[in-house]
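Order as written gives the chain letters A, B, C and D; numbering starts at 1 within each chain.
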Amino acid sequence: MKSFWALLSRDVRLAVREGGAIGTALGFFLVVVSLMPLGLGPDLNLLSRIAAGVLWIALLLAALLSLNRIFEADHEDGTLDVLATGPLPLELVTAAKSLAHWITTGIPLAIMAPVLGILLNLDLAAYPILVATTLAGTPAVSFLGAIGAALTMKTRRGGLLLALIVLPLYVPTLIFGISAVSAGAGPTGLAASFLILAAISLVAIVLGPLAAAAALKVQLQ
Amino acid sequence: MDLGPHAAFIWISYAAVTVTITGLILWLIADGRKQAADLEALERQGVKRRSAAPGVR
Amino acid sequence: MQLIAEDLVIDRGSRRIIDGLSFAVKAGEALVLTGANGIGKTTLLRTLAGFIRPFRGVIRLDGGDDELTLGEQSHVVGHTNAVKSSLSVAENAGFWNTYLDSGEDSPSRIAASLRHFGLEDLSDFPAAYLSAGQKRRLGLARLLVARRPVWLLDEPTASLDTASSERLVAAVNDHTSSGGLAVIATHLPLGLERARTLDLAAQRMAA
Amino acid sequence: MQTLTQRLANPARFMELSARLLPWISGAAGILLVSGLYLAFFASPADYQQGETVRIMYIHVPCAWLSMMVYGLIALSSFGLLVFRHPLADVSAKAAAPLGAAFTFLALLTGSLWGKPMWGTYWVWDARLTSVLILFFLYLGLMALRSALEDESAAAKLTAILALVGVTILPIIKFSVDWWNTLHQPSTDFTSTVDPSMRLPLLVMAVAFTLLFFAMHLKAMRNEILRRRVKALRTQAVAGRDRLAAQAANHGAAE
């Protein structure tokens, strides 16, 4: 357990100190959301109707950008070899690294989402729901994304390939994330989609590290 | 002073500008102190500059 | 304690790299792997570490911890240093200490390992400032940060100067004399004590 | 005769000069700011259309002005770096970027707070706001590019290229956003005419903010120069404090 915390806190510290990755993901999120009105026209009623979808898609794309660094940097400098011979099973190594990715990318993006809601004239009542659903949904983004990151760790043009592999896996998160925010469903519908969203994340937290560790074992050969 | 029905927006605007600029100024001062202290610590340890201005390449 | 490999056959892709290799390294011994580039030294070390599954044959550590794999009882030093440039020298060593070893007396152990490789005055500097040789030494300091009975070193003297190589040799000698064992791939004669040489080229000729 | 920029080329002389200049600029900015605030709140009338909210203009307009001026300064510094290789040009560009981004952010924020009472929503995709938003992105891009590059002299040149590309494309962006906006809705232009009674406080505030920026910019440049000295000394120190290298050198001398 001590090793797990050591790895988690080291990854968070590296992300904070190197800073670039978090800032780039947030900036990308902002730019993608701002491009939407330029493409669709500045009609505020239209924008507020599609706000939830735009925010979720932009959030997924922004998170996607930072995924490939989860294992790549550690592979390049040989850290991954040493981590693999450590006392921690590889499944927990991938779990710690996915969790660190969620803390340094998922949480900042979730906090940023309502700020960008202003640009899309999102209904004020939807803000708490938006934060809650993005926080509940983004673990799936990091933990499923780690699978793609492990699979494409050694490939050239890994970023594009990663998007191709991982985006289909995000479909359930996207559907229930949006249906929770587009409040038309009413309180019971809202609770249902929120619970399903959390369940998807829980499945991802279990599945992601297992699959990513299996992929890493092949990659380390 | 009566600023009408939208006084809150005026106050928030001024507060936001004040907080941001004050924050920047404080950060600049703190950063300046830190760099000066680092420089002094290095010089006290006997590391000397080789040329007049190696700071700028 | 004894590291034993029996009738080892290792394939990489469709190429057979190692064919029917057997050897044993006893506690207190260092085995030096020699042979030209591409002969399979790195492959053999990565197989011992457990990254590559051999096509045939057995690798085992007699007298080791039965609950751990050989890799988990080994220090593996490859061509890369596993050093993060935005962490300081001390933070790098400290991380590997906590991650690899949960034992006590961590601070003194970290300090001793940095001192052994001549980095003690640099411990507060970010590793980004280090030269290639200094980074290599920081990578090697990992060997002393946590106690492990088996050392698997792949070209450990790469980018080291003479004085630094001597420190590495001293570390390996200390390790073997206190009952550890080491397998080292290298081109250069290192002057190790209690060392045997295994020439992979000759081995291949024999097979 | 030397020009001012030539005399400033030596960082040591710049440090000396800026240390003498900084208190005066800060003091002037402070005095102007206080008098500007007095004029803005007590010596100017409420707008007959917008009421008291027009007082947001006295900080919004200076921030919007600075957002453009600072980008111009960065472009100018970048030009100075790429063409004349002026040693302080990159220090100036690097120090200005976060300050410019902050003022652009404040222009957007105060604009949005000004808009809420007028339009009933915090954000409308008005041509002017949209252009400033894109300017903000350009700032973010500059800072992100610099932070992503480790080699400082390469980072300096590459960000300078990006800044010059940005300043070239900016008018095209402005034009296209205006065009996009007229496609969809009539322009909501609300600052076209400024009543003479508001002109003086606005002018004072604009000058105060500009001086404030220059004071902060000077300080940030001084910090940056110090940071580079520290970095150079550290690099030197790492070589000097290597025990093994020192030992090897002693051996060499003894033999």
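The rule we apply is simple: a contact is a pair of C-beta atoms (placed from the backbone, for glycine too) under 8 Å apart; a residue touches a chain by one contact, two chains touch by 3 or more.
No experiment lies behind these values; they were computed from the predicted model shown.
A summary of chain positions shows that the Cα centroid lying nearest the centre of all protein Cα atoms is that of chain A. Inter-chain centre distance (subunit B to subunit D, centres taken as mean C-alpha positions): 14 Å.
Averaged Cα coordinates give subunit A a centre that lies 37 Å from the centre of subunit C. In whole angstrom, the spacing between the mean C-alpha positions of subunit C and subunit D is 52. Mean C-alpha position of subunit A lies 33 Å from that of subunit B.
In subunit D, the residues touching two or more other chains are 234, 237.
Across the assembly, chains come into contact as A-C, A-D, B-D, C-D.
Listing the residues of subunit D that touch subunit A in their complex gives 112, 121-126, 130, 133-134, 137, 140-141, 143-144, 147-148, 177, 180-181, 183-185.
Looking at the complex, you find that subunit C touches subunit D at residues 117-122, 125, 128-131, 134, 137, 161-164, 167. Contacts from subunit D toward subunit C in the complex involve residues 150, 234-235, 237-239, 241-245, 247-248, 251.
Remark: subunit A residues 19-20, 23-24, 27, 30-31, 34, 37-38, 41-44, 118-119, 121 touch subunit D in the complex. Contact residues on subunit B toward subunit D in their complex (touch as defined above): 1-7, 9-10, 12-14, 16-17, 20-21, 24-25, 28-29, 31-32, 35-36, 38-39, 42-43, 45, 47, 49-50, 52-57.
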